[in-house]
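Quick heads-up: structures coming right below.
Presented sequentially are two complexes of chain A, the first with chain B as partner and the second with chain C.
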Partner chain A sequence: MSNVLVFLALLLCGWFFGRRAEKRHYKSIIERELEFNALPAIASRIPPADAAYDQQLVAGSTVVSSDYFKSITAAMINIFGGEVKPFEALIDRARRESILRMKAEAKAVGADMVFNIKMETSQIAAGRTGAIEVLAYGTALIPRNTVKFSNTNAAMSV
Partner chain B sequence: MKYENRQPEEGINVSKGSPVKAFLQLVISTALLLAVSVFFLYLSGAWLAKKIPFRYEEAIMEKIDVDFGSQETDQDIREYLNELSARIAVHLPNPDEVSYTVHYEPEDVFNAYATIGGNIVFYKGLIKQLPNENALAMVMAHEMAHVSHRDPVAGLGGGVASAVALSTVFGSSGSQYASTFINGAGGLTAVQFTRKMENNADDAAILAVSKLYGHTVGADSLFRHIDEKREQSSKPDWLARFSSTHPLDSDRVENIKAKTLELELPTTGETTPLPGLW
Partner chain C sequence: MLLSNLEILPGKRVEKHLGLVQGSSVRSKHAGRDFLSGIKNIFGGELTAYTELLHDSREQATERMTEQAKSIGANAVLNIRFSTSSIAAGAAEIYVYGTAVVLVDE
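After this line comes the complex of A and B, so read on.
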């Protein structure tokens, strides 16, 4: 009986805190996206030819973990198959957060835009916590002679 | 060329719908799947296990050398119990190979059980509560009927078959507490079988007791006694009926009464006193 109660308590905590964290995170993501839209992240590999830019690698990484409610729901979906909807919002948040962090780094080095952006995911502590990392990286295009030093990356001075 | 990032609409990469509703639908589907799987696995495991010859059961019990209480003390009680079981055995539908060994545990535990190899264990705590030999014979005939129906080995076979299959399918899909839920749902299905076994054992036992003493007086006194003494359970009757491995004591008294009427067994006569060895 105590096991059942612990199980229900974990489910309820997972649902309540997971839902609250998701709402707060989306609110913050949308606010920052509107702010960072002025610094476009473009998938194209060919930078604009109309100006001279310095280039620098910028990256943004986010590690997210599932909550108990999502994990149990996903485990049951695993039996029957189908879309694992509980994880969609989690991955969407991680992806958008990583791009925002990458843009924040680009802004810190004085870039106008980020080109050739790519994304990668990797599983962390598989089977135990169900956490994944989403990494976004790209080439920051910095108008010549405005190279700054970011907190994390040393940019070449020209 | 102008480069820009426009703000897309929300919800493109995230499906809409209530997660709680989806969760409840999944719980119901999983529970149904479990119930159906355990139903068939338990039935087939039990059916297969009953095909194992009884001598194999005896050989296994000899090999694992289970301790059923001291063999040195309480010699007279064990002799009396085995002598009573021999008297009952002739009135039970005995498959050829089945034999019974009654053990006595001088502990204050209110229980008696039958296990594989025809071993039946009586606890002092139970025998002390019995008002006469007729009641003791009823409990013993009930346990012997389990052995004669091959219920212990069937329960073991059904339990092992469903546990192995469930852990193979569901084992990796959840953590410790999710396994608790899965085992609980599977367990609830399995107890539906054990209750049927209990009822069948009661039916065989009342017939044997009636043949042994010429009447059924006193046979149901143990269950009456427990039912009267039992503290009011917090579970409603329908839930207790569904979740318990045994039928409710009040239901057993009714079942025994119904069987007595159905077979027109004699309901008057003198009860036989217990020898007072304990």
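After this line comes the complex of A and C, so read on.
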């Protein structure tokens, strides 16, 4: 009996906290994605040759954990087969977060865009409930000898 | 040392190919951190300890690769790829490899 109670308590904890964490995470992801829209990540291998750029490797990584509720639901879905929605959201969050972190690093070095972005996903074995790690990396292209727009504006207004 | 995962860089020419260079790093957190992460597995959310771990491993692997490239006289590593794998519970491996080259300005 107590076993069942513990199980139900864990399930409830997982459902409540997991859902709350996911909602918060998605909210912050969407906010930051809008902010970083000006800095595109491009999957092309060939950089533009029209301007001089400095390059730097940038990367971002995230390890995100499943919750108890997700793990149990996924295990149930596994029996009947079909789309494992709980894990889709999990991996989507991890990917988008990694890209955002990569972009943040690119922005910090003054890049205009990130080229040849690659993703690497793997599972961290931490018991039967899973955690996944996602690594996103690419080459940041930093414009060389360019005057920042804010500076020119300041010069014009003087 | 210029690191890039592109094969062609605008305004630069590859003068000499020096072959593959690589670096890897395996790290793990202490048992206490693993235990806490296990608890986090109930509630969900980001495992900050492992994110840090991954970040440190990546830096170290890249550093090892850079060292190797430097020792054979390269000034850049192109076409870099990362590869990650979990070796055991709580331990992560990061492997990074690329082509060491001598780049000159065009």
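Here, the second predicted complex is superposed on the first by the 140 of 158 C-alpha atoms of A that agree within 3 Å, B and C clash if a C-alpha of one lies under 4 Å from a C-alpha of the other, contacts with A are read in each partner's own complex, and residues count from 1 in each chain.
The rule is short, and it goes like this: a contact is a pair of C-beta atoms (placed from the backbone, for glycine too) under 8 Å apart; a residue touches a chain by one contact, two chains touch by 3 or more.
As the structure is a computational prediction, the values presented were derived from the model and not from experiment.
Looking at the shared chain after the overlay, A:Gln123 reaches chain C, while chain B stays out of its contact range. When both complexes are overlaid on chain A, the residue A:Pro48 reaches chain B and chain C alike. By the touch criterion stated above, A:Ile142 is placed in contact with neither chain B nor chain C.
Put simply, more of the residues of chain A are touched by C, taking chain B and chain C as the two choices. After overlaying the two complexes on the shared chain, residue contacts for A:Ser66 are found with chain C alone; chain B is out of touch.
In the overlay built on the shared chain, the residue A:Cys13 is in contact with chain C alone; chain B does not reach it. Judged by the touch definition given at the top, the superposed model places A:Ala106 against neither chain B nor chain C.
When both complexes are overlaid on chain A, the residue A:Gln56 reaches chain C alone and has no touch with chain B. Taken together, the two complexes place residues 10, 48, 69-71, 127 of chain A in contact with chain B and also with chain C. Across the complex, chain C is touched by residues 10, 13-14, 17-18, 21-22, 25, 45-49, 51-53, 55-57, 59, 61-71, 97, 115-116, 118, 120, 122-127, 129, 131, 133, 135, 137-139 of chain A. Across the interface of their complex, chain A is touched by residues 2-11, 34, 37-38, 40-48, 50-51, 53-55, 58, 62, 80-86, 88-90, 92 of chain C.
Residue ranges of chain A in contact with chain B, taken from their complex: 3-4, 6-7, 10, 15, 26, 30, 33-34, 36-37, 39-42, 48, 50, 69-73, 75-80, 83, 85-86, 88-89, 91-92, 113, 127. The residues of chain B lying in touch with chain A in their complex are 1, 3-7, 10, 13-15, 17, 19-20, 22-23, 26-27, 29-30, 33, 169-170, 172-175, 177-178, 180-181, 184.
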